[in-house]
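Before I ask anything, let me first share the structure, which is written out below as structure tokens.
We just call them A, B, C, D, E and F in the order they show up, numbering each chain from 1.
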Amino acid sequence: MTAPFYLPAGDEVDLFRAAYDQRIPVLLKGPTGCGKTRFVEYMAWEIAKQRTGTPPDEPLVTITCHDDLTAADLVGRYLLSAEGTTWLDGPLTRAARTGAICYLDEVVEARKDTTVVLHSLTDHRRTLPLERLGTTVAAHPDFLLVVSYNPGYQVTSKDLKPSTRQRFLAIEFGYPDPELEAEIIAHEAGVPADVAEALAALGARIRNLDAADLLDGPSTRLLVHAGALIGRGVAPRRACDLALVLATSDDRDVQDAVRQVAHAVFAA
Amino acid sequence: MTAPFYLPAGDEVDLFRAAYDQRIPVLLKGPTGCGKTRFVEYMAWEIAKQRTGTPPDEPLVTITCHDDLTAADLVGRYLLSAEGTTWLDGPLTRAARTGAICYLDEVVEARKDTTVVLHSLTDHRRTLPLERLGTTVAAHPDFLLVVSYNPGYQVTSKDLKPSTRQRFLAIEFGYPDPELEAEIIAHEAGVPADVAEALAALGARIRNLDAADLLDGPSTRLLVHAGALIGRGVAPRRACDLALVLATSDDRDVQDAVRQVAHAVFAA
Amino acid sequence: MTAPFYLPAGDEVDLFRAAYDQRIPVLLKGPTGCGKTRFVEYMAWEIAKQRTGTPPDEPLVTITCHDDLTAADLVGRYLLSAEGTTWLDGPLTRAARTGAICYLDEVVEARKDTTVVLHSLTDHRRTLPLERLGTTVAAHPDFLLVVSYNPGYQVTSKDLKPSTRQRFLAIEFGYPDPELEAEIIAHEAGVPADVAEALAALGARIRNLDAADLLDGPSTRLLVHAGALIGRGVAPRRACDLALVLATSDDRDVQDAVRQVAHAVFAA
Amino acid sequence: MTAPFYLPAGDEVDLFRAAYDQRIPVLLKGPTGCGKTRFVEYMAWEIAKQRTGTPPDEPLVTITCHDDLTAADLVGRYLLSAEGTTWLDGPLTRAARTGAICYLDEVVEARKDTTVVLHSLTDHRRTLPLERLGTTVAAHPDFLLVVSYNPGYQVTSKDLKPSTRQRFLAIEFGYPDPELEAEIIAHEAGVPADVAEALAALGARIRNLDAADLLDGPSTRLLVHAGALIGRGVAPRRACDLALVLATSDDRDVQDAVRQVAHAVFAA
Amino acid sequence: MTAPFYLPAGDEVDLFRAAYDQRIPVLLKGPTGCGKTRFVEYMAWEIAKQRTGTPPDEPLVTITCHDDLTAADLVGRYLLSAEGTTWLDGPLTRAARTGAICYLDEVVEARKDTTVVLHSLTDHRRTLPLERLGTTVAAHPDFLLVVSYNPGYQVTSKDLKPSTRQRFLAIEFGYPDPELEAEIIAHEAGVPADVAEALAALGARIRNLDAADLLDGPSTRLLVHAGALIGRGVAPRRACDLALVLATSDDRDVQDAVRQVAHAVFAA
Amino acid sequence: MTAPFYLPAGDEVDLFRAAYDQRIPVLLKGPTGCGKTRFVEYMAWEIAKQRTGTPPDEPLVTITCHDDLTAADLVGRYLLSAEGTTWLDGPLTRAARTGAICYLDEVVEARKDTTVVLHSLTDHRRTLPLERLGTTVAAHPDFLLVVSYNPGYQVTSKDLKPSTRQRFLAIEFGYPDPELEAEIIAHEAGVPADVAEALAALGARIRNLDAADLLDGPSTRLLVHAGALIGRGVAPRRACDLALVLATSDDRDVQDAVRQVAHAVFAA
């Protein structure tokens, strides 16, 4: 595993380190596509590097949460085989046993039964009861649980319960500032600095548009997409059309507003 | 596999090519029956033709999404056999392994758990975790995910989440312009040019009718249907009745309005 | 199989023929009990008669749709047997393989996942993916899909999606005109012409009653029922009570209105 | 099987006979506890007596419908055994094969998928497709379907669809008139004629109370219960309390109204 | 089995006896914790004592109803074993076979399909169809069905259907009068008569409080709890706090009102 | 098992002891993170120490309740193995058999069928029917059921039913007073007394903030988290940001209010 590409935006690396040292679970808050997944990949890689014993084969176990994710999907289940039933650990159990970092992306999308499974792993007990096996797994000393969500488009019915939430330290993420974002775009899309800077500036201007329908301003990822198309010879305005205008909204008014900003940045 | 019949309407072939070269997932937006499925078939055929290694047996894997499509339907499941359980790859896994283009038609119809499965395949990771197998598939370098939907009749409760949507470049489709549409009708229905032109003109006029109940103007497919009936000797007005009037609406007022336009185009 | 009893009411036989020759799927619209099922039986019999190869054992496969009809009910499923699992084709797959006409009665009652399964069978592809088998069935050249519904009592939440609907030619059915209906009643119930004519006239008059609660005027079937009772010696007014008054509504006012018409037609 | 106890209240026996002779399905409408179940038992016994061939072991198959009754509960299902799976006919299939009368009590309680299963058995086809077996059962010539429901407390969301309803002849039932009801009470509860007559009169008076909360007037069964307690030495007023007052409502006002009537009929 | 402790409050023992002698099903109505369960235990013991044949091992079969209780939970189900499937009688079937009293506690909590299963056991048929076995159990002559519910906190959507309800005789229960209740408290909690009397008086006073939020006045059980704590040396006011104040409500105002009454009865 | 760390805040230890001696089930009410789980661990340890016979391997069985917790999850289920099916006791059954204390955390989150399973274990019967095994477990004499919930954020639809609730003695918990809380923080986070005291004072002040959105004041656990970060060298204001500001709310106004209090307590 080579070092994941990650450019720190502030003190998030130190804060995560401090939390990890105390094994306090961490909650990452921030908009979609701002780099939370990359950050966790980077931290897991950093931490695995410094482990004294054998690092786990899989230092990071990522689970994208959704409405239909059951507790069994996390914890494990029996499979029927020719010899009867065999137990298969779920990703959470695997992480707890091997001392990996377990990352639950968009945790509020999970059903209540999923989040409740996390409780005994996130307090002084650090255990995971496998009720269907009739045993309890004590978490490996290196194990840590990390969760994330985007407070921007939460429905209130899908908030974390206080009894779950008050188990985490929260680190807040935002979009990178234009200079840093230009650096990322140049690196990821392989475009010259001036194109990257223009795209980063465009991103910042769109995010400032006061359009209620524009739920999430364009992510860094979308700016990289636009850059990649431009790098392939697509005209900048057309590239913005595909990556920023049509991809962010179906509303014609919002599309026009975004397109106008793009045209102001890139001459025809 | 012979080349699928597809007449480009604009720069969509080049744009798709640019996206494919960067392996950026593509979202096709447009009304029903305007040719999105044919376009993907055409692009998959074009791309397979140019592959250096062995092209996959099945260069395009199409999945029509619906409410009850589970993650297991996409990813795969265990089947019980005499030797215990055997794993059967789902179509998404098959496409990821063989480097096919995987096309999810009407993606917003899918449940959240289905779309979330797509996340790690549509960012820098390009992986598909098969949790029930306990392994992760790295996508074949030629693999690309394409999705489509029709913004015209979305219910807001069924929109894509920003965290899903901001993973795609969007290409917009509309109905072909009358000349192109006439060419398609002539080819598909096997009718003389004047009939095809009359039907194309009729299609354009119906789409302009300001009838709130007429959700989707008649698709090119319906115009081809009308042409096919005329080709079989059905009177043009009666053919329009079956293919355009009764097939598009149950509302008597809307039906009358459509019928009036048809009668204006085709003399009794 | 002897020829099903069917008396054409207009050009529906020719139109169906034209559609079948082009293999364009057909949608039959009309009230309950007006003869749609018989019509399809008749057409399937006619078409099977003229087939050059071996006609299928079962020229018509009928499926009555409902809320709980799953895609697996249509397509097929695995059964567990002593030798592991065996695949059992569903009725749609059976029809597609053998070249039967597949008739989905009351198609709007089906869930979305059921109707979506029909998409690739009803456009230029004419294929049915059997995802759980990992294969795709190419429809037999003689296969055709026919669906029906009753626009009279649709709930809007149960309308066909445009992307489904715009795959069909629509043929509209109504109640037979009194002369034809009398002929049918006489044939089916075995009553003299005057009784059959009186019942047909009664049917027409009840259908014209302006009673909002009377959702579906009495079907031809109910008139046949009344005739059958009269043929067994039940007094005509009492027969109408059972077959037309009590069978069509629980509302006392509607019942009285219907009864009054019956009494006007049949003297005590 | 000895003859079931049933006292005809009108022409219902002849009407049922006429319908049965034509094999037209029958719908019984009437309040709870008015004798519909007994009537069907009696008719099934009468018809079995007159059969020329071997009568079925079980001349009447009764199914009480409810929300969770699945189509499989009616039609049959596979059971897993040591030899793989074995098919077990459901009660409807059993009745159709053996020529029994199949009685679906409170049919509107059933889900839509259940009632739809009845369609092909209740028109000219008289067949029952067993999709999971891949076969179709042709109904025995003696088979008849009978359904019942209580129009008094239907929720409109649970009405029969016209396409189901217009397959039946309807026979209406009410409470027996006081003389007949007294005869029934005397026979069933084993009480002298004067007590039975008092209870029948009481029943009629309570049913006439204009209390909106009193959904279903006391059934004949409840009057029999009261008689049975009186026969065991319980004071008549106390017996009415248990059988008629507390058993019909939780509303104190309704209870008082009913109790007052009871006290007027039975002196302390 | 030793005689269950039960102190009759009125004529309920004789009434139950009369109903049992006629095998008329019984419905017990009354608030929570007023002794319905004990009463049924007592009656089952009394009846088992007087049986001439061998009494059943289990004279009373109790089932606490809830939303998720399925018909199979009552009637029985197949279990998969090495020899294929074995049938396991449910508690209702067991009771019907052995002639036990079957007691369904809080019957309105059950789903409709559960209550419908009871129908043929509670009228002249006294049978239980085991559809999945393909057989019907005739109830043992000693079998009786008893159900209970609390009319105080019914939601109307969870009322018994008239067709179910009108199968039972209803016996009403209330809280015991203070003298009887004091006797019960003294016996159960092992406290001196004066403490028991004070608690019984307190119970009566709290039940008379006009507090809308106080859904169910404290049950006899809670007064016994308070007595038990006092017997263990807990100060009476503190004991009332735990057993009566905090246990009955989360509303601070209701708690204060209850506490005030407790303080009036027990000096500090 | 070493003694769990628990500092009593009042008479809760004696009250629990009194309840346990009488085997009266206990309900713990109080906000999240105030120490209810620790208290039960402590009491289970204390009680196990004093047992005369062999103490159970697992003196405390904890189950965190949630919406999808089924009765089978508590009671047990069959597992399919090569020899057929084997029964696996659930945690509740295990506790009842071995005489452990069974603790249901957040009991109101459980579905009704779960709580109903508790009924016969929490009254004079002290039994647990295992319907699927066809047997009944008599609880071990040392068994006790303890449940908890947080009255602060109950939705009324999720209240305990009176028939469940009136089976428990209730002990109320609050946040520890500042002195005790400082002692806990110092012990758990390993920080000097002055930091612990400042954090305890901060906790008390935030809990007094009149902000409707601040559902649950910060738990002791969050104050310990803040202390742990400070102990790792994170600046106190930044530590409060992560542990108290961002972790308790997504509302910017609430965050500002909390941050202001934190800044007042900790100088920059």
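In the analysis below, a residue touches a chain if its C-beta (ideal position, glycine included) is under 8 Å from a C-beta of that chain, and two chains touch if they have at least 3 such contacts.
Please read all numbers here as calculations on a predicted model, not as lab measurements.
Asks: Taking contact as defined at the start, I'd like the list of chains shared as neighbours by subunit A and subunit B.
Replies: For subunit A paired with subunit B, there are no chains in contact with each.
Asks: Show me the overlap between the contact partners of subunit B and those of subunit C.
Replies: none
Asks: How much rotation, in degrees rounded to the nearest 5, is required to superimpose subunit C onto subunit D on the basis of Cα coordinates?
Replies: 60
Asks: Under the over-half criterion for shared residue numbers, do copies subunit E and subunit F use the same patch or different patches to meet?
Replies: Shared-number fraction below one half, so different.
Asks: With chain centres taken as the means of their Cα atoms, state the distance from subunit D to subunit E in Å.
Replies: Averaging C-alpha atoms per chain gives centres 30 Å apart.
Asks: Between subunit C and subunit E, what is the gap in Å from one C-alpha centre to the other?
Replies: Computed value for the inter-centroid distance: 53 Å.
Asks: From the mean C-alpha coordinate of subunit A to that of subunit D, what's the distance rounded to whole Å?
Replies: Taking the mean C-alpha position of each chain, the two centres sit 61 Å apart.
Asks: Hey, what residues on subunit E touch two or more of the other chains?
Replies: Residue numbers touching two or more other chains: 80, 82-83.
Asks: What part of subunit A is in contact with subunit B in the complex they form?
Replies: The touching residues are 32-33, 37-38, 62, 64-69, 73, 79-83, 88-91, 94, 105-106, 109, 150, 153, 215-216, 218-219, 221-222, 225, 228-229, 231-234, 238, 242-243, 246-248, 250.
Asks: Hey, which residues of subunit D end up touching subunit C in the complex?
Replies: 11, 14-15, 18-19, 21-22, 24, 27, 29, 70-71, 78, 80, 83-85, 111-113, 116-117, 119-120, 123-124, 129, 131-132, 134, 151, 154, 159, 161-163, 165-172
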